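Structure first, then comments.
Chain naming follows the written order as A, B, C and D, and within any one chain the residues start at number 1.
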Amino acid sequence: MDAKAVVVGVGPENGLGAGLCRRFASEGRFVIVAGRTPEKIERVADSIVSSGGSAIPVVTDVTLEADVIRLFDIAMEADSDSAPADLIAYNAGNNQPLDFRTMEADIFESFWRLNCFGGFLIGREAARRFAPLGRGTVLFSGATGALRGVPKFAHFAASKAGLRMVAQCMAREFGPLGIHVAHVIIDGGIDGERVHTRFAEAVAAKGHDGLLNIDAISDAFWMLHSQHRSAWTHELDLRPFKESF
Amino acid sequence: MDAKAVVVGVGPENGLGAGLCRRFASEGRFVIVAGRTPEKIERVADSIVSSGGSAIPVVTDVTLEADVIRLFDIAMEADSDSAPADLIAYNAGNNQPLDFRTMEADIFESFWRLNCFGGFLIGREAARRFAPLGRGTVLFSGATGALRGVPKFAHFAASKAGLRMVAQCMAREFGPLGIHVAHVIIDGGIDGERVHTRFAEAVAAKGHDGLLNIDAISDAFWMLHSQHRSAWTHELDLRPFKESF
Amino acid sequence: MDAKAVVVGVGPENGLGAGLCRRFASEGRFVIVAGRTPEKIERVADSIVSSGGSAIPVVTDVTLEADVIRLFDIAMEADSDSAPADLIAYNAGNNQPLDFRTMEADIFESFWRLNCFGGFLIGREAARRFAPLGRGTVLFSGATGALRGVPKFAHFAASKAGLRMVAQCMAREFGPLGIHVAHVIIDGGIDGERVHTRFAEAVAAKGHDGLLNIDAISDAFWMLHSQHRSAWTHELDLRPFKESF
Amino acid sequence: MDAKAVVVGVGPENGLGAGLCRRFASEGRFVIVAGRTPEKIERVADSIVSSGGSAIPVVTDVTLEADVIRLFDIAMEADSDSAPADLIAYNAGNNQPLDFRTMEADIFESFWRLNCFGGFLIGREAARRFAPLGRGTVLFSGATGALRGVPKFAHFAASKAGLRMVAQCMAREFGPLGIHVAHVIIDGGIDGERVHTRFAEAVAAKGHDGLLNIDAISDAFWMLHSQHRSAWTHELDLRPFKESF
């Protein structure tokens, strides 16, 4: 009986969250599809079920402690057809260039809340639930901004650097307890709906394979979960071959 | 006529904030002593004045936007005896080891609010005021936790890493506009009241010069402000000679 | 018809080099087993052949330019049963704690020659051969010492940091030309002959899965070669779950 | 009686090495001017002496162990007018963009020999001589290339990253013994002869204060030597205010 897998931050069907759900389902997992918008996560869960997989949507605002606790209550149940979750991917987040001097204080805060605080809530709850079992994988979608702050991205870099530290502290504390915590630095545009809608010209300029393919990213997430515990990866970067860095 | 200098996060007389105030005053600056506790900042300002320097206390909660704006309104005034500020040091912050799994969500948030969000508010306001003048120095007290997250310090590392990114984004954007932004990584215990009160045994174990001398840290802050603009430092570490790292 | 794969720095049968050879062979590759000691590489090649795979030993001193060129001459041949190589792993290297003050100059140099210069020769030759074809993977075995220098390891850290920079410069230049260059930070003891012979006590202290399993490391190398070019990894760490870092 | 100070890698009078010599002399030090070209170091020493300072030239090839030992034999003498050296700056080095694929192996090696191996020889000798005395400062001129490898600079980045690790290992081992080891990341063009001769157009494009002023860099070196041992800096960057990074 396979364990459940949870993906947090699922939005449109062609986004990374949905891709992770499909990938985990294709490996036989019962997938908890967590996101803010009921219609979106229902569509993702439905499409998995209609392809023969198992999935349920769970409406979750990751910035609300109660929602996160409830999500884990569901994820850690032992059903007749799936065992308690041993894999969770934190893929919630937001990004957008903003002028530093005119940025409103509550905008700066809102980026932190989604990009960092939600990751803390999920990470802490995962640690609480997984540590007594001595197993589990916690994967965070990170960004280059976590390592390097550039103009127009102070709100983004500050929040993603915070998330990275949450992941790093967790890895050092909970690795020896059997929990695999990894931080995936996604460096480039993701080939999903958002980028095509918002940045059509930039996408064209990138050329073939110039955006990160969602299945390729999902391969990396699954690979991390599958690693032998004698050779775990804590951090890796993913980047289109032609992306300058 | 000397420009004003602002120190944010001033507490007890033998803390780093007070030390920075004294140092800036000894260089002839009119010092704005900003902190949350009226009695503490009054004592620091009084002691500067009674030594022949110039200083006023300004009660400031750096996590409140209105307080930060008001602080700069005062700092940027051109008085009969001092020019608008061209130097601000952000020294507010908190640190304490905390267990990850039992940490309350609002504790995690409160560390971010003081260690990172306050730094954003101060940094943004400094950028707004200094950029039109094409000059000014903004110094942030940072920590090794900003670079490396270890067990019991996720709340601290996440917030300090965020502050570091605010500083880095500012440096890249505002350096070319004439604003010097620097991040000082203080790696070790500071030889002030707090450490002696709370960690007397650890202090004894460190031995002579095993804690960072406050005047020595203040030297580094003043040196950063004094650097020629053709050779500015953005980041440096400060560490007792016997501190392991 | 599969392409050849080259492993440089192959020694004992239970070392990492031999493990990489076996793994590449198991994926159907004709493996070029390169190392300094004829008996050792012959044994590795023989064992692959006797298991139904394809492999030949090529005696190579990676610190000699002529040897490296000759190795690639062989690797890039199109035989009746295998295409020119599109995968090379640089696994040559040495490590040993040494006192800084009493270290002989030629010892410092010899570590550089094997850990860094050989990597340059291999990397440069790979770039020369792969770039015109617009494809190929170059993998370097790296170490934490490349990122952090600690007492007794100046010779090691200096040479491994150099190797890391060779890999990084190559990735930035040749990635857009279709060559995947990756640097694998192996952080911990490898579960091979050497560690058991030399450090038996330390091994026992590490406990079960406290050393990096060679098949697990080889999984990571093969995974890197298999990545879709829209989501390449340049750097990742591998570490036993209980290893402190 | 002041201690001697040594500057290694002194060339033209308007280069950084000469600037460091002048600065140390202006602080009252008897300066050992070390470099490869007799005429150049004689001119630097003469100009210091004619300005009322004390200096002697010592012809030194830092890549030759015997030269380095002889240099320290001279530097550690207690003369009637100066005490044994307690300060040494390693400023030897070379840089130049080179194509990776056509770079000769001996060119790659020669960059390592000057940028890294010479630093090891100087650092090791300094450790040998300073450690028994429990004091001394060792400063290394570093570069951004030590942290980040970009196309055309593999030879430079690999050697400078190696030098950085030598400095870091030394700091961790010898700091607690009273030796201050620091690595100065010079990020930008230095306003000396070489850059004006070779890159006149680029210099013009940088504009006023767009190159690092040599006196400003020298300030940083002297400041490092002057730091109180309770707050030593191991690494700092220096960069023109308008330099993009």
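The definition used in the following text is that a residue touches a chain if its C-beta (ideal position, glycine included) is under 8 Å from a C-beta of that chain, and two chains touch if they have at least 3 such contacts.
Quick caveat: nothing in here was measured; it's all calculated off a predicted structure.
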item: Contact-graph separation of chain B and chain C, given in steps at minimum; value: 2
item: Farthest chain relative to chain A (centres taken as mean CA coordinates); value: D
item: Copies chain B and chain D touch via same or different residues, half shared test; value: same
item: Centre distance in Å when chain C and chain D are each reduced to the mean of their C-alpha atoms; value: 34
item: CA centroid of chain A to CA centroid of chain C, Å; value: 32
item: Chain centre separation in whole Å, for chain D relative to chain A (CA means); value: 46
item: Multi-chain contact sites of chain A, meaning residues that touch two or more partners; value: 172
item: Chain pairs that touch, as defined at the top of this document; value: A-B, A-C, B-D, C-D
item: Chain B to chain D touching residues, read off their complex; value: 172, 175-176, 178, 180, 191, 209-213, 215-217, 219-220, 223, 227-245
item: Chain C - residues contacting chain D, complex; value: 65, 100-101, 103, 105, 108-109, 112, 116-117, 120-121, 124, 127-128, 131, 145-146, 148-154, 157-170, 172-173
